[in-house]
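Input: structures, listed below.
In what comes next, subunit A is part of two complexes: it sits with subunit B in the first one and with subunit C in the second one.
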Partner chain A sequence: MNRVRVSLKQLLWLGLLGVVLILFGLGPRYAPMYTIILLTAIFMYIILTLSWVIFSGPTGYVSLAPAAFFGVGIYTSAILGKALPLLIVVAVGGLASSCLALFAGGLTLRLKGIYFAIFTFGLVELIKNLLLWWEIHFTGTRGRFVIVVDYATVYYVMFAILVVLILTAYLIRRSKFGLALQSIGDNEQAAAHIGINVTALKVVTFAVSAFFTGAAGAIMATRWTYIDPYIAFNPLFSFMPVLMAIFGGLGQFYGPIIGATIFGYLEELLITRFPYYYMLLFGTIMVVAILYLPNGLVGLIQKVTARLRVLARSQPAPAATSEAK
Partner chain B sequence: MIQVLDVVIAGLLLGGLYALIAMGLSLQYGVARVLNVSHGEFIMLGGMTTWMLYSGFHINPLLAVAICGPGAFLLGFILHRTMFKRLLALSASPGIFESNSMLASFGLLFIIQNIAFMIWGPEIRGYSYLAFPVDLGGALFGANRLVTLGFAIAIGLAFYTFLARTRMGKAIRAAAQDPVTAGLLGVDINLVLALCFGFGAAMASIAGVLISISYPVNATMGLEYTIIAIIVVVLGGLGSIPGSFIGGFVLGIVGSIVTSIEPGLALVAYYVIFMLLLLVKPTGILGR
Partner chain C sequence: MQILEGEQVTKHFGGLTAVHRVDLSVSQGQVVGLIGPNGAGKTTLFNLISGALVPESGEIRFKGEKITGAQPYQICRRGVARTFQSVQIFANLPAIDNVSLGALFGKSRRLSSAEATQEAMELLEFVGLSAMRATPAKDLTLPNQKRLEVARALATQPELLLLDELMAGLTPTEVTQAVEMVNRIRDRGITIFMIEHVMKAIMSACDRIIVLHHGEKIAEGTPQEIATSKTVVEVYLGESAHAAS
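On to the complex of A and B.
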């Protein structure tokens, strides 16, 4: 009996997921162009956030490298965009970011806490300045043009990356790798002691998370058409994922997704409505979120539902007792 | 020979400024455990206020030190008393506090920068003060840069004496070593941390005043100086005042050597040194 109920619930979830997939899949046919572009941006933020969470969520290593991976993807697209088909460019962008992550991770993952955060942020700035110098000295230009792709294709590719990412993140979280990562976050020495190859696991997970960020950068570049090192390696792309993940809440799988969705929408809204106060509002939300929502939106939701449950339980209770009399 | 001297002195002048910037951050991170990413915004506030006072009211930039320093101290003190104190109480472990306070200071960065943008706009501002050349062993340098170096060293020495000789300085050093035990021994730990954060902000804004004398300033200059401060602090060892000076002078001289060879690569050289040091000795030159 119990078993049937569980599988029914699972079927319901699967059905819901299917409906959502079809809805998003049919999007560009029926929805207005603005909605599609907005959705593409939101998907991009979810990808950035979730791929950050794959590595930094369980291990507790705060990586500020997403902008580097994102920028590598963008430059892959700018350099190879005209020579290769789009999907290959996206894959190469992801792989190039993974290679960078393998290299940087192998070098630095023994750094602890704040040092790792500083190092990864330095990586972004190093690549940006090196690239700027290179472009001015050897290519003679500052920026590059990227081949333009129509907005529906960008949307579909971004959506596909997102679906694969969600699957990957879910599987990692549910597998023994997820548990191993979690144990690294809880106590790295103990994790190494019970036979987990701590370094290899960290570096590989770092590379996996970089792949999706790079792929998202490669496809997003085709939307921007013109890029230079300042646009591609904008440090905001390092901070936004961290912020969105914390805003959403790291406790649950869906937390970062909710955080990224709300923030992506909010950013669009604030930039278009209040272009001059955008950063002020953004910073205020950030400070308030950190001060008053320590467990993110998920923590708030859990608190509210718990309170509702208590209320629901306490209200019918007197009625029941009076009936019994 | 003259050229070598030229490069070295230019490096020392730059290094003094870097040291002053880093000293403030070192205090905020070394004692208050806040890796204050909005540090550069306090520098920017100091610089822009000085420009406004000089061009609007003809107030001597060196007098602006006496206005910006206490102002920024108060701002930093209040910020710690309200925001970071609450964060400290909320955070379960020092590690969580470090990452939370860093993110909160990112929020501050956005807020301060946006407010500065609304007041002063995006234009690059500059003025000319003490801009006559001084002959140093055959090499010519602006008097304003010498004044900057003098101020940096004077403030560094004064603060070092304060830490080493006074009762409050002792409390600050105790809080840096072990906040819990210091609290048990009767140090008002929240007051000490707030004071340190305030001092850090004051040093940043005084550095901003001095920067505005020699270099152009604008509302978005902060982050660049924050990054330099972080590099210098890590180079010299977190929380060490002499370390800030060593790190500052090392970075200043490296910067000036690289600039004399290939100007475009100065920032790249900073990052390379910084990353190499993190890999070899993450606790810094003077770190334990």
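On to the complex of A and C.
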């Protein structure tokens, strides 16, 4: 009985997923350009958030490195964009970020809590300043031009990265490594003593998460046409994923996705409607959300559905409840 | 056959000598107790064996092979499992996941998740927790958390099990149950090395006892020999108390 219900639910989800995939796949043919650009931005936010959640969600290691990985992707695109095909540039951008994550993770994942957060944030500043120094002293420029790619292509590539990321995140979460990551978050010492190679698992997961951030940076750079270290390594890209994940709620798989979607849309809405008060309004909404939704939007959804269930149960006659048993 | 051997094992914390030139050996199939006053270096010795700490000098061998310098996860996979003095469980994970993680990662052989869950169920049954398999570990009572830790350690299929104060904080009835559990673990062919303060438990469960004091081994022998040893009584009751008696 239980098994049938589960598989039916899974089938429903799969069907829904298929419809969503087709809808988004056909998007650029029918939707206005504005919608496509907005969707691309929202996809980017989801990628940033979900790839952050892959590592930081279960382990509790708060990484502020996303801006570094994103920037490495952007610079890969700026340097290799003219020489290589787009998809290869995107892949190289992801791999370069992964390498950075392997190196930085290997050095610092023994740091815990606030120390790890500070170091990863320092990494963003370090690379930014190193790059600035390099560009001024050796290449004699400060910024770089990036090849221009049409909107639809950027959209498709971003969407493809998102689909692969969702699949990867889901598979990791379902696998024994997802469980092991959670055990590291709960008690790292005990995890090491029951045979989990905690260092390797942390570093590899960190690198996997960085891959998607870097790939998103590589494709996003083509939308911006001109970049410099300040644009590419904007610390906002480190804080946004954390905020979006908390806003959406970390308890469920779909939490960060919902959080990033609403966040991205809200940003666009506020920028266009209230260009002067945008940051003020945005900040207020964030503060209210964190104060009143400790478990994010997911917590709110769960509360509402639980209440609806109670209502649905209490309304019909007692005969219905005995039947349910 | 000696399953665990230590030779001149030494560890300092700054100026404090935690473990000093300790020789030890545990034979296969035995239950060996490790006792000593607070701060004697018992837990430090366990940390050195399990790989949480690395000795400054000396060597530890498991089944004749050197394990000093290996990582905790490697030592675990070779067949040494442990529990902790203050329980170290995965608080937010259900009891069954706590145990199946041990089965999934602690063995040299790879298991499917269905096999791991199956084994975890059997072990929860073995320690008497099968009714609480879905309960998050943090919601279990202390004795049950300790049982869960034992089940998780057993899931890694150890040949040697290190129990660090399994019975601390338990009521007399629970101590009796714990001793009985230790005997059942031994019946599975697992060698046990245990730190314990509850004397009744250690005297009835152990074949041999090692006594540490100020990081040094001061005595070793059967429970009867230890109970009557002059040095051990001096250490526990103080020299003057002994002189007065």
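Going forward, the second predicted complex is superposed on the first by the 307 of 325 C-alpha atoms of A that agree within 3 Å, B and C clash if a C-alpha of one lies under 4 Å from a C-alpha of the other, contacts with A are read in each partner's own complex, and residues count from 1 in each chain.
Everything that follows uses one rule, which is that a residue touches a chain if its C-beta (ideal position, glycine included) is under 8 Å from a C-beta of that chain, and two chains touch if they have at least 3 such contacts.
Remember, predicted model here, so these are calculated numbers, not experimental data.
*Asks:* Should A:L311 be classified as contacting the first partner (subunit B), the second (subunit C), both, or neither?
*Replies:* The answer is neither, since A:L311 touches no partner chain.
*Asks:* Return first, second, both or neither, reflecting whether A:N187 touches subunit B, subunit C, both chains, or no partner chain.
*Replies:* In the superposition, A:N187 contacts subunit C only.
*Asks:* State whether subunit B or subunit C is in contact with more residues of subunit A in the superposed arrangement.
*Replies:* Ranking subunit B and subunit C by residues of subunit A touched puts B first.
*Asks:* First (subunit B), second (subunit C), both or neither: which does A:N197 touch?
*Replies:* Only subunit C; A:N197 stays clear of subunit B.
*Asks:* Considering only touches as defined above, state whether A:A83 meets subunit B (first), subunit C (second), both or neither.
*Replies:* So A:A83 meets neither subunit B nor subunit C here.
*Asks:* Once the shared chain is lined up, is A:P294 touching subunit B (first), subunit C (second), both, or neither of them?
*Replies:* First partner only, subunit B.
*Asks:* Touching subunit B and also subunit C: which subunit A residues?
*Replies:* none
*Asks:* Can you list the residues on subunit C that touch subunit A in the complex?
*Replies:* 50, 52, 71-73, 76-77, 81-82, 84, 88-93, 97-98, 100-102, 104-107, 113, 116, 152-153, 155-156
*Asks:* Can you list the residues on subunit A that touch subunit B in the complex?
*Replies:* 60, 62, 107-108, 111, 113-115, 117-119, 121-123, 125-126, 129-130, 132-133, 136-137, 235, 239, 242-243, 246, 276-280, 282-287, 290-291, 294
*Asks:* Touching subunit A in the complex: which residues of subunit B?
*Replies:* Residue positions touching the partner: 35, 83, 86-87, 90, 95, 98-100, 102-104, 106-111, 113-115, 117-118, 223, 227, 230-231, 234, 264-265, 267-268, 271-272, 274-275, 278-279, 282.
*Asks:* Considering only the defined contacts, which subunit A positions touch subunit C in the complex?
*Replies:* Residues in contact with subunit C: 176, 179-180, 182-183, 185-187, 189-198.
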